[in-house]
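So the structure is just underneath, and the comments pick up after that.
Per-chain numbering from 1; labels A, B and C assigned in written order.
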Amino acid sequence: MSQPMLQVAGLRAGYAEASVIRGLDLEVGAGEVVVLIGPNGHGKTTLLRAISGIIRPTAGQVLLGGQDVTGRPAERIAVLGLVHVPQGDGLFAEMTVAENLLMGAFPASSWRSRRKELAGIYERFPVVAARAAQRARTLSGGERRLVALGRALMRPSRIMLIDEPSLGLAPVAIDTVYEAIAELKASGATIVLVEENFTHIGGIADAVHVLETGTIVASGPYAELASDPAIVQTYLGSL
Amino acid sequence: MAATDIVGIAVTTIILGSIYGLVAIGMTLIYGTLRILDMSQGSMVMVGSFVGWGILVVAGLNPVIAIAAAFVATFILGALTQLVSVQPLMKRRNAIDFEMVTFITTFAVAMILTNVALELLGPQQRNVTPVISGGVNIYHGVNLPYQSMAMAIVSITMMAGLGIFLARTRWGMAIRAVAQDLDAARLMGVPVGKLYPLTMGLASALAGVAGVFLGGLYFAYPQAGDLPLLEALIVVIFGGLGSLPGTVYAAYAIGLIQATAEVLVGTTWSLPILYGVILFVLIIRPYGLLGKPSEARL
Amino acid sequence: MSALPNRTEPTPARPALTRTAPPRSAFPAMTPARWMVTGVLVALAAVIPLVMTNQYALSVMVTTLVLLVLNISWNFVLGVAGVWNFGQLAIYALGGYGAGIIMLHTSLSPWLAVLAGGVVAAFAAVLLAFPTLRLYGIYTSLLTFAFAEVIEYVIVNDGSGLTGGTFGLPIVKGLYASLSLAASARAYYWTVLAVVVVSTIVLAAVGHSRLGIALRGIRDAPAYAAARGVSPMRYRVIAFAVSGFLAGIAGGLYVSYNQSISPSAMGLTPMSIDVTMLVIGGLGTATGPIIGTVLLAIVQTALVSHPGAELTILGIFLLVVVVFVPDGLAGLAARYWRRVSTWAAEDDQSGEAAGQEVAGQEVAGQETGGQETAEPGAAAEIPEGSPDPNVA
C-alpha cells in the first residue's frame, strides 16, 4: 500500500497564544479529494496555512509523501510539490493575468517549461486567455478564482490545497469554478479542499471531514454525512 | 525671468531629477519589497564615489571599469547590509516597531561605512576625474557640462533598465510579487531569504553608480553620502512610498523646485527653501504629493 | 402615567467596570535599596568637582551633563511618546538662543532668562506637535527634520544681527559671571547635575503616571487608546511641551556655560550622535539617557583624536545593541538586576523579596524601550473616563 500523500498528526497551530488548531490528525491518499467543512473561524484556513508553511505549527507533524516538512518555510515546501491556493485567491493584484500565471511556474525546474504550460492553461480556460493582458485587480471574482486555479496548475504538483474557492462568488461563477476542480480531480490530482458549506462538494469529495473548534469532529463519505440531519442542518443552512 | 533662466531651470531640472531619481529609486525598491527605509543608501553613493576615485584617479583606468566596479562593490555591500542589519530583525517584525528599528540599524551601517572611510582615507575631499570632461554652450551662456549630461543619460538608462528587469525577468517579477503579496509569493516558491539581500544589493548598486558620477561633480569624501540621503528621503516620502513611477515623478518635481529656487535665491539657500516647501506640503498632504499609498505597488 | 424616578436617594456608585489598581507609588521600580544606591551615585557625582583638578576634564563633564539634559528631554518625546521627532535639536537651540538674547539685551536675571528659554522652546515644540498628529510615523521624521532645517536657515540668515548668523551670539555672561573661572565651572556642574537629577526623577514619575501610561498606550496601540477615550492630540501636545521646555532649559544652560551658541549646535552630525546615545542607552527608559550619554562621553574622550574610529565603534555598538538588546543597555541592566534580585530572593522567602521581584518585572514591563511589544497590561491601564474635553 503506497504512502499517503499527506499526513498530519497531532497538529497544533495558531496565532500568538490562542491555539486555533488543537490536536488535529488527517490523512490524504494520492489521487484523493478530501473536503474539510466547518464554520468560519474554527481553523480551516489556519490548518492549510500550517500545512503549507505560511505559519509554523506549534506542535505536531506534517508529512508530505512521507517526508517531514513540519516547520519548514513555505517556499521550501512549495518546491517539494505542494500548491496552496489561498483564501481570496492570493493573486498579485497589480500584475497582469499572464504575469500571475508565469509566477506560478517560478521554481527553477518549472520555469523552463513555463511557455508551454501557459499555452496549456489558456487552452483549458479560455476565459483566462481572454483576459491575459489585464491587471488581476480588474477581473471579476469568478475570473480571478479561475486565474488562481490556472496558476496552481502552472507547475507539477503532488498535492493541492484549495481554500474556499466559492467564497464571495455568484452561483454561476461557483459552478464554473467547481467544474474546473472536477476536471482536476478527473486528471488524478490530490486535493484538500476547504469549504464552509455542503452545496457543491457532493460530486467531487472522496472523504469529508467536519472541522470545529480546531479539531475534526466527524468524518466519512459524503453520502453518510449528507444524510446526518444535525450536520445537514448546520451546514446546509449556512449559504 | 529671462529665457536663459528658463532654459537653465529646465536643464538643471533634468540633471538634478535624474540624480535624485537614481538614488531614490533604490530606496523605493527597498521600501516596496522589504518595507523599510534604508538609511545606508547615501553611504553607498559615497562608496561609489571613492571607487570611482580609486579606479579613475589612482589606477588610471577607464570609466566603464569604474562604473562596473562601483556596481559590484556596492551590490555586495548592500546585500551584506541586509543580512546584518535587517535579516536578524525579520523574525520579530510583528513584535517591534519594525520600521523604526530598521531605520536605526541601517542608519548604524551608514555611520560605520562613513566613519571607516573617514578613518582610513581621511576627511579631505578628493577630485574624481569626470567621466567626460568639457561642456557645451546650449543657449546663450547656459553651459551644460558633458559630465552632467552623461550622468543624466546613465541615470535614465539605469532607471529604465530597472523597470525592464522588474517587468520581464524571473527575479524582477519575483521582487514585484513579494512587494504585492509576500505570502502568495512564498507559496510560489520564491526564496525570500535570497530575494531580500538581492533587492538591497541591487538598490545599493544603483546608488553606487550614481556615486561615480557625483564624485566627478562634487568630490569624493566620507560625508559625501549625507546630502544624497536626505534628498532621496525627500523624494521617496514626497512621491509616495513604494511607488516607482511616483518616485520618478517626485524626483523631477523636486529637481524643478530646487532649480527654480537656485535661480531665485541662489544655490546655497535652495535646499532650505526646499525644506520649507516640504514642511508646507506635509502639513496639508500628510502622505506626500501622491497621497496615501494603498499598498506598495512597485 | 409613570412618574419620573424620585431622586431622593443618592445616585448609586458606578459599578467597577475596570480593575481598580491598588494605590501605587510614583516609582514602582524603586525599592528602598535602589533609592539608597541612587543617592550614593548622586552624592559621588556631586563630589567629583571637589576632587577633580583637571579643568579640561571638568569642562567636558559639564558639557556632557548639559547634553544629558537634552537627551533626557528627547528620550521623553522619542521613546516614551514614540514620536519620530528629529527636530529636538532645533528646539534646544531655540531655547539657547532665546535665553542668550534675553541675557544680552535685557537686564533680566540670567536665571529667568534660562527659564524664558525653556518657555520659548516649549512654545516652538507645541507648534511642531500639531502637524505631527496627522502624519504617519516616518513622515513625521521628515517633517520634524525639515522644521529643524528651516529654523537653522532662519537663524543663520538673520540679517538683523540678533542671532549673529553663522558665528553665533556674542559673549553672554551666563549664570555665574561673578565667580572665578574654576568656581563658576564647579557651580555650573552642580547646577546642571541638579537639573539632571530632578528631571530624571520627575520624568520617571510622569512616565508611571496617567500621562505616561496614556502616552505609551497611544504609541503602542493607538486604536485601543482612542477607544478608551484617550485623546492623542492633548497628550501629544503635553509631551511636546514638557520635552520642549526641558530641551530649552538645556539650551539655556548651554548658552550660559559656553557663553555663546551657534548654529553648529544643530545639524545632522550632533543629531546622529545624540540619537545613538539614546538608543544604546535604551529608548523610553528612565536611566537610558544617562547610560548612553556617559558611555558616549567615555568613548569620545578615549578616541578624541580619531573621530572616525570613535563613530565607527559607536555605529557598531548601535547596530549590535538594537539587534540583540532592543531595550538598550538600561533594559539589559534591569534584567540583570532582576536576575540578581531573584537569586538573592531565593535565600529570603519574605514578601519583601517577592516585592522586589515584582518591582523588577515592572521595570522590564513598563520601562521597556520603544522597540518592545505593546504591553497589554500597560494598555489596559489607560485611565478610563479621564476628564477629557475632546471626547463628547
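The definition used in the following text is that a contact is a pair of C-beta atoms (placed from the backbone, for glycine too) under 8 Å apart; a residue touches a chain by one contact, two chains touch by 3 or more.
The structure presented is a predicted model; accordingly, all values stated were derived computationally and were not measured.
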| item | value |
| --- | --- |
| Centrality ranking, top chain (CA atoms only) | B |
| Maximum inter-chain contact count - chain pair | B-C |
| Approximate Å spacing (C-alpha centroids) for the pair chain A, chain C | 53 |
| Centre-of-Cα separation between chain C and chain B, whole angstrom | 34 |
| Separation of mean Cα positions, chain B and chain A [Å, integer] | 42 |
| Residue list for chain C, restricted to those that touch at least two other chains | none |
| Of all residues in chain C, those that touch chain B in their complex | 82, 84, 131, 134-139, 141-143, 145-147, 149-150, 152-153, 157, 268, 272, 275-276, 279, 306-312, 314-316, 318-319, 322-323, 326, 370-373 |
| Of all residues in chain B, those that touch chain A in their complex | 170, 173-174, 176-177, 180-181, 183-193, 297-298 |
| Residues of chain A that touch chain B when the two form their complex | 52-54, 73-75, 78-79, 83-84, 86, 90-95, 99, 102-104, 106-107, 111 |
| Chain C contact footprint on chain B (complex, rising order) | 37, 84-85, 88-89, 95-97, 99-101, 103-105, 107-112, 114-120, 222, 226, 230, 233-234, 237, 241, 269, 271-272, 275-276, 278-279, 282-283, 286-288 |
